[in-house]
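Structures incoming, each one as C-alpha cells.
Each of the next two complexes has chain A plus one more chain, namely chain B in the first and chain C in the second.
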Partner chain A sequence: MKELLRRSWVGPLAALVAVYALFSVLAPATFPGGVNLTTMLRQTAVVAVSSLGMTFVILLGGIDLSIGSAVALTSVVVARVLQSGAGVVAAVTLGVLATVVTGWLNGVLAARGKITPFIVTLGSMSVLRGVAKGLAGEQKIDADPHGLEHLMTAGAGAALPAGVWLTLALAVAAAIVLHFTVFGRHVLAIGSNENTARLCGIPVERVVVAVYALCGALTGVAGVLEFSTLTVGDPTDSIGLELEAIAAVVIGGGSLAGGQGSVAGTLLGALLMTVIKTGCTHVGLPNWVQEILTGVIIVVAVGIDRLRRR
Partner chain B sequence: MIDVGDVQRRLLTFALVAAFAVFGCSKRGAPGGAGAKPNVPRLRLALIPKGTTHEFWKSVHAGAVKASRELDVDLVWKGPLKEDDLKSQIDLMQSFVAQKVSGIALAPLNDKALVSSVNAAARAGSPVVIFDSALSGGNVVSFVATDNRAAGALAATRIAELLGGPGKLVVLRYQEGSASTHEREEGFLAGVKTHPGLEVVSDNQYGGPTTESAFAASERLLLAQNAAGGGVSAVFTPNESTTFGMLLALEKAKLTGKIHFVGFDISDKLAKAVRAGEIDALVLQKPFKMGELTVHALVDHLRGKAVEARTDTGAELLDRKNMNQPAIQELVKPDLAKWLNE
Partner chain C sequence: MSGSAPRLTARGVAKSFGATPVLHAVSLELAVGSVHAMLGENGAGKSTLLKILAGVERPDAGSLELDGAAYAPSGPLDARARGVAIVHQELSLCAHLGVAENIVLGSEPRRFGWLSRREANLRAERALALLSDGGTTLPLDARVGALSAAEQQLVEIARALAHDDCRLLILDEPTSSLGHADVERLFATLSALRERGLTILYVSHFLDEIRRIADRYTVLRDGREVASGAVRDTTNEALVTAMAGEAVEVGTARARSPGEVVLSLHEVRGARLPKAASLELRRGEVLGIAGLMGSGRTELLRAVFGLDRVRSGRVRVRGLVGEATPRARLAQGVGLLSEDRAREGLALGLSVAKNLTLSRLKPLLRRGFLSQRAEHDAAAFWIARLGIRARGPDQRVRELSGGNQQKIAVARLLYHDVDVLLLDEPTRGIDVRSRAELHELIGELCAEGKAVLIVSSHFDELIALCDRVAVMHKGVLGPARSVSGLDERALLQEAAGA
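Let's look at the complex of A and B:
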C-alpha cells in the first residue's frame, strides 16, 4: 500500500477522480457519460502528445518553450504541402520533419552551445512563430485535408477517433523507452545529476540533443493532430500550449529540477486540465472564473502532491 | 394466479406513478414564467462569440439576453478562453454538443474550419445559427449579420451627397483576406459607380492590422495622391483601425475638414472627431440587434416556425447632427448594465 502511494501518478489520479466526481455532481445531466468522455479525450490529444515530449525534456532538467510555435508551424507546413497537391504522406512527413529539425537545433544549441535551454527555446519560440506566419503569408491556409480530418473526428456514438488511439500508443511507447531502455536510464541519470552522469561515462551531449529532437518529433505529431482538428493551417494557433504541457508534466509529479516525472502522471495531468475546462463550461461559469479556478486547482494539486511525498 | 411478487410490483408501479404525478405537479407550479407550456422542456441555447472582452461582443451579448428573457429561454454565453483562438472555439462547439443544448449560435473565427463542427452539432440534434461572420457551407439554420455591402454603399451615398458633384475618392482598404471589410469596400466602390462624376483615384492600398500600420499607409497614400494640393476630395475607410489611422494622418497633414471623410465603427476618439467636424460620418453596425435577432432566429426554428436563411441586422450613419439622438446613442453606448448585470 505504502509502495503504491509513493508512485508519482497516484496523486494526479486522485485529483482527476475527485474533480471528475465534483463536476458530475454539479452537472449531472450532461457531464458524466460516454459522449462527453470521448469529447474530452479528443480535446486532450494534442496537449497530451506534446507533453510526452515535454516529459522527456523536463526529466532531463531542461525545458522547451517552443512547442506551441512548433505545433502551429507543423499545421502550416501540412496545409501548404497538401495545398501543393503532394498528398497526405508527404504532408505529414514534412510536417513532422520540420519540428524534428527545429528540436534538434534546440538540442545542439543547448548541449554544444552551452546556452540555457530556457533562453534557447525562448528564442526559437519567437523564431518558429515568425517562420510559421511567413510561410502562411500571415493568414490561415485552407487546404483540402484529404481524409486527415478523420484522425480527430468522432466515430459513431462514443467511439474513440484514431488520434486518441495514436496518443495512447505513443504514450505506451514513451513509457517503454523511458523505463526499459538504456537511453531512458541515461535521461533519468542526467536529470538527477548531470556531473555524476558524465563521470559515469554517459554521452551527455548526445543524449540531450536526442531528447530535444524526440520532443520535436512528438510536437510534430501533435501538430498533425492539431491540423486534423482545425482543418486549416493556422500560424497563430497554440499560443501558450508550451505552458499547458509544462503544467501537465508538473501536475503529473514532474520536477522542473529534473530527474522526476512519469508518462502516466503527465497524461493524467493533461486530462485533469481538460476536465476542469470542460466541467466549467458544463456548469456555465464565465471565462474569468474558469481561469482563476484552473490556476488554483493546478497549484493545489501540485501542493498536495509535494506534501504527500515529504 | 397472483403471487406475492406480482402484487409488490404493482404496488411499486403505483407508488412510482403517484410520486411522478406529485413531482410533476410541483414542478409545473415552480416559477418558470407565465408563458411556459407544460410538458415542453425549457430551451437551453449556447452562444459562442469570437471573443468576450470587446465592446462589440458585449453589445451582442446584451441583445441576446434581452431576447432570451422575452422568449423565456435559457442562454449560455461562452467565448473562446483565449480571445480569437480557433482551437478553443472548436472545443467549445464539441463541448456544447456533448451537453446536448437545444441549439447553438456561433460567430465563426474561420469560415472553413468550423464547418465540420457545425455539421456534427446539427447531426447530434443541436441546430446552429451563424451570426456576425459567414460560414462556407455547412448545415446552418440561418445567417444573421450586417449586410456589409449595403453598409459600404451607405457610405458611398453619403459621400456623394457631401460632394454634391464631381470628386476624387480614395479608399484605404483594411487587410487582405478579411471578408467583412472586403465586402464593405466592394459595396462602397459599387455605390460610387452609380454616381457619375465621382472618380476613385486609389483603391489598392491596405491599412494592415494595427492603427500604427494604417497611419503609415494613410500618410503614404495622402502624399502619393497629392492630397494637400487638392488631389483628393473624399476618403472612405472600412473599419476602426483604418479610420483612426486615416484621422491621425489627416490631422498631421492639417487636412481635416478640407477633405470629406466617412469611416466605419466607433470609439471615443472617433466620436470626438465627428463632434469636431474632422470626420463627416461613421457607419455603425448594430451589435445589440444582432444578438436579439440571432436568439429569435434560433428559438423560432426550435419552436417550428419558418426562419429566413439570411437576416440583415442593418447599419446606420452617425454624423454631427444625429449623434446625440437617443436611437444613435443606443448604438454608441448601449445600456449594457441593464442586461448584463455589470
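Let's look at the complex of A and C:
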C-alpha cells in the first residue's frame, strides 16, 4: 500500500477519478457513459502521443517547444503528398520522416552544439511553423484523406477508433522502452545526473540526439492523427500544443529538472485535461473558466506532488 | 566543565524517516568553550542529529535547550540567528556564485537596502583568513563550481565562521577532503575559537583528529548513545569497539608480487594540469599518488580515464594506445571513482540498484530486456558484501548516509569488475571499520591480479595501503618509490615542494 502511494501516477489517477465523478454528478445526463468517454479518448489522442515524446525529453532534463509546429508541419506534408496522388503510405512516411529529421536536428544542436534545448527548440518552433506555412502557401490544404480519416472516427456505438488503440500501443511500447531497455536506463541516468552518466561510460550525446529524434517521430504520429481528425493540412494548427504536452508530463509527476516522470502519469495527465475541458462544456461553463480551471489544476497537481515527495 | 551551565542540552531526541527509526531518544550535553566529538559508524545517525540541532530537520520527540533557554529552531536561518552554524557533510554551496557571495549567503551585508560588495568581500576575507593565515588564499570572485572539492570545503567552513555571533559551531566531517596543511590550520582556528568560548560539535571518522582536538566524545550506534566521556580517559580501541558493538580486527597483510604492466603513462599533460606525469602500474600492485590540493592528482586520474583532455603525452592500457573516452576506458577495463560522489559519482535521485549497475547493464539483460530480478540480485550482493546500510536495492541513494553513499560508488567499480581501478579519495566519509575492510578488499583485488592507482589526502593511508608511492607537486609527478622506508612526514615535505 505504502509502496503504491509512492508511485508518481497515483496522484493524477486520483485526481482523474475525482474530476470524472464530479462532472458525472454535475451533468448526469450527458457526461458519464461510453460515448462521451470514447469522444474524450479520441480528443486526447494527439496530445497523448506527443506528450509521450515529451516524457522522454523531460526525463532527459530537456524540453521540446517545437512540438506544436511539428504537428502542423506533418499535417501539411501529409496533405501535400496526398494531393500529389502519391498514396497514403508515402504520405504518412514522409509526414513522420519530416519531424524525425527536425527532432534529430534539435538533438544535434542541443547535444553537440551545446545550446540549451529551450533555446534550440524555441528557434525550431518558429522555423517549423514558417516552413509549414510556406509549404502550404499560407492556407489550409484540402486533400482526399484516402481512408486516413477512419483512424480517428469511432466505429459503431462506443467502439474505440484505431487512433486510440495506436496511442495505447505506443504508450505501452514507450513504458517498456523506458523501464526495460538499456536506452531507457541511459535516458533516466542522464536526466538524474549527466556527470554520473558520463562517468559510467554512457554515450550522452548519442542518447540525447536519439531522444529528440524519437520525440520527433512520436510528434509525427501525432501529426498524422491530427490530419485524420481535421482531414486538412493546416499550417496554423496546434499552436500551444507543446505547452499542453509539458503540462501532461508535469501533472503526471515529471520534473523539468529531469530524471523523473512516467508514461502512465503522462497519459493520465493528458486525459485529466481533456476531462476538465469536456466536463466544463457539458456543464455549460464558458471557455475562460475552463482555462482558469486547467491552469489551477496544473499548479495544484504539481504542488501536491512536491508535498508527497517530502 | 562542571559548574558552568551547558551551552546546549538535548533530551530524548528521536527521529524517524518514514517507518525507519534513525534516532532513539538521544541525549547530549555540550559544555561552553569545548570541542565535543560525535562518533559512530556510517548510518549511525550522526548527521541526522546534527541537522536537528541546526534546524534543518525537525525532531519527532525530545527537547533542546540553548544556554538555558528553550531552543526549537524553525529552520536553518532561525538556528543561525540563535548562534548555531553548521558545516554540512555534503557541500551545499551555490556553484554559480563566487567565493565571497557564497560565504555571506543568507546574511548579505546591505547598505541602504543595496548589497554591499565591499563589505561582503571584507567579511569573506576575514573568514578565509582564519583558515589560511596568509598562506594559500582563494580568489574572492572565483566561481565556486570551478574549485576543487577541498577548496569548496574551505569555503563552506569559512561560511560558518563568517558570523561573529556564533555560539555553537557544528562540523560534519569537515576534513574528509582536506589535506594535511588545511587540517592543521583548521585545528588551529578551532582551538582559538574554543578559547573564545565557542562550543564546537565535531564529527569525524579519524580518531587521531578526535584525540587531538576534542575534549569530550559521544558514540552513537544505530541511533542510540552507547558511550560518552572525556577523550583522554579512553583509547582508540575502546572507541572503535563502542562504535562497532564488537571488537574489530584490523589486519594488514601485504605480500604481493606485481605482474606485467597494465597502465603506462608517458609525459602526460592535461589541459591545465597535470604538467608532466609518467608512471607504470603493474598487475597486483597498489600505487599511490601523494600531492597537495591543486597539485593535479585528480586531474591526472581524470585525464587517464578520458574525462578530461590529454594535451600531449601517451596513455597505454596493456600496451595499447586506445581511444580515450570514459566509455572506451571502461571497455578496456579501466574504471574511475570520482572524488565528488554528490556532484559526479552518483545519481542521487536513482535507486541503489540503478546506481550500482549503471556502468554495466549487459549482464542484466534477459532476451534483450533489463531484468529487475537480476538488477536486485546484483545490488543485494554488493550491499551485503560491503555492509552497506540501506533499506534495500530500491532505496534512493539520496536517502543514504554519506559513508554509505561512498560505498555505493565504490561498489559500482567492483560490480563492473574493472582490471585497473583509479580511486580518487576512496575512503572519504567511510567509518573506521569499513575503511579497514576496504583496505583488505583492495588487497584481495590485487591478489586477483587487478591494479590500483589511488589518490588520497591522507598520506598515512597511502603508506598503509600502497606498494609504491609517487609524489605530485605543481602538476609534475615524481618517480614512484617503494613505501618501505617512506614516512608521512617525508611525503608531506616532498608534496609541499621542500
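Note that in this section the second predicted complex is superposed on the first by the 310 of 310 C-alpha atoms of A that agree within 3 Å, B and C clash if a C-alpha of one lies under 4 Å from a C-alpha of the other, contacts with A are read in each partner's own complex, and residues count from 1 in each chain.
Here is the rule we use: a residue touches a chain if its C-beta (ideal position, glycine included) is under 8 Å from a C-beta of that chain, and two chains touch if they have at least 3 such contacts.
Just so you know, these numbers come straight off a predicted model, no measurement behind them.
Superposition note: with chain A as the common reference, chain B and chain C can be accommodated side by side. Residue contacts after overlaying the shared chain place A:Leu170 against neither chain B nor chain C.
Vertex at the C-alpha centre of chain A, arms toward the centres of chain B and chain C: the angle is 140 degrees, rounded to a multiple of 10. When the shared chain is aligned, chain B comes close enough to touch A:Glu226, but chain C does not. After overlaying the two complexes on the shared chain, residue contacts for A:Ile67 are found with neither chain B nor chain C. Annotation for chain A, partner touching more residues between chain B and chain C: B. In the overlay built on the shared chain, the residue A:Gly259 is in contact with chain C alone; chain B does not reach it.
In the overlay built on the shared chain, the residue A:Val302 is in contact with neither chain B nor chain C.
In the superposed pair of complexes, A:Leu199 makes contact with chain C only, with no contact to chain B.
Remark: least CA distance from chain B to chain C after fitting both complexes onto chain A is 39 Å. Of all the residues in chain C, the ones that touch chain A in their complex are 18-19, 307, 325-331, 336, 338, 343-350, 354-355, 358-359, 361-362, 365, 368-370, 412.
Residues of chain A touching chain B in their complex: 27, 30, 35-36, 39, 42-43, 46, 139-140, 142, 149, 153-154, 226, 229-232, 234, 236-240, 277-278, 281-282, 284, 286-287, 290-291.
Looking at the complex, you find that chain B touches chain A at residues 52, 76, 78-79, 81-82, 84-87, 90-92, 94-100, 110, 112-113, 115-116, 120, 176-177. Those residues of chain A that touch chain C in the shared complex are 2, 176, 179-182, 184-185, 188-189, 192-193, 195-203, 259-260.
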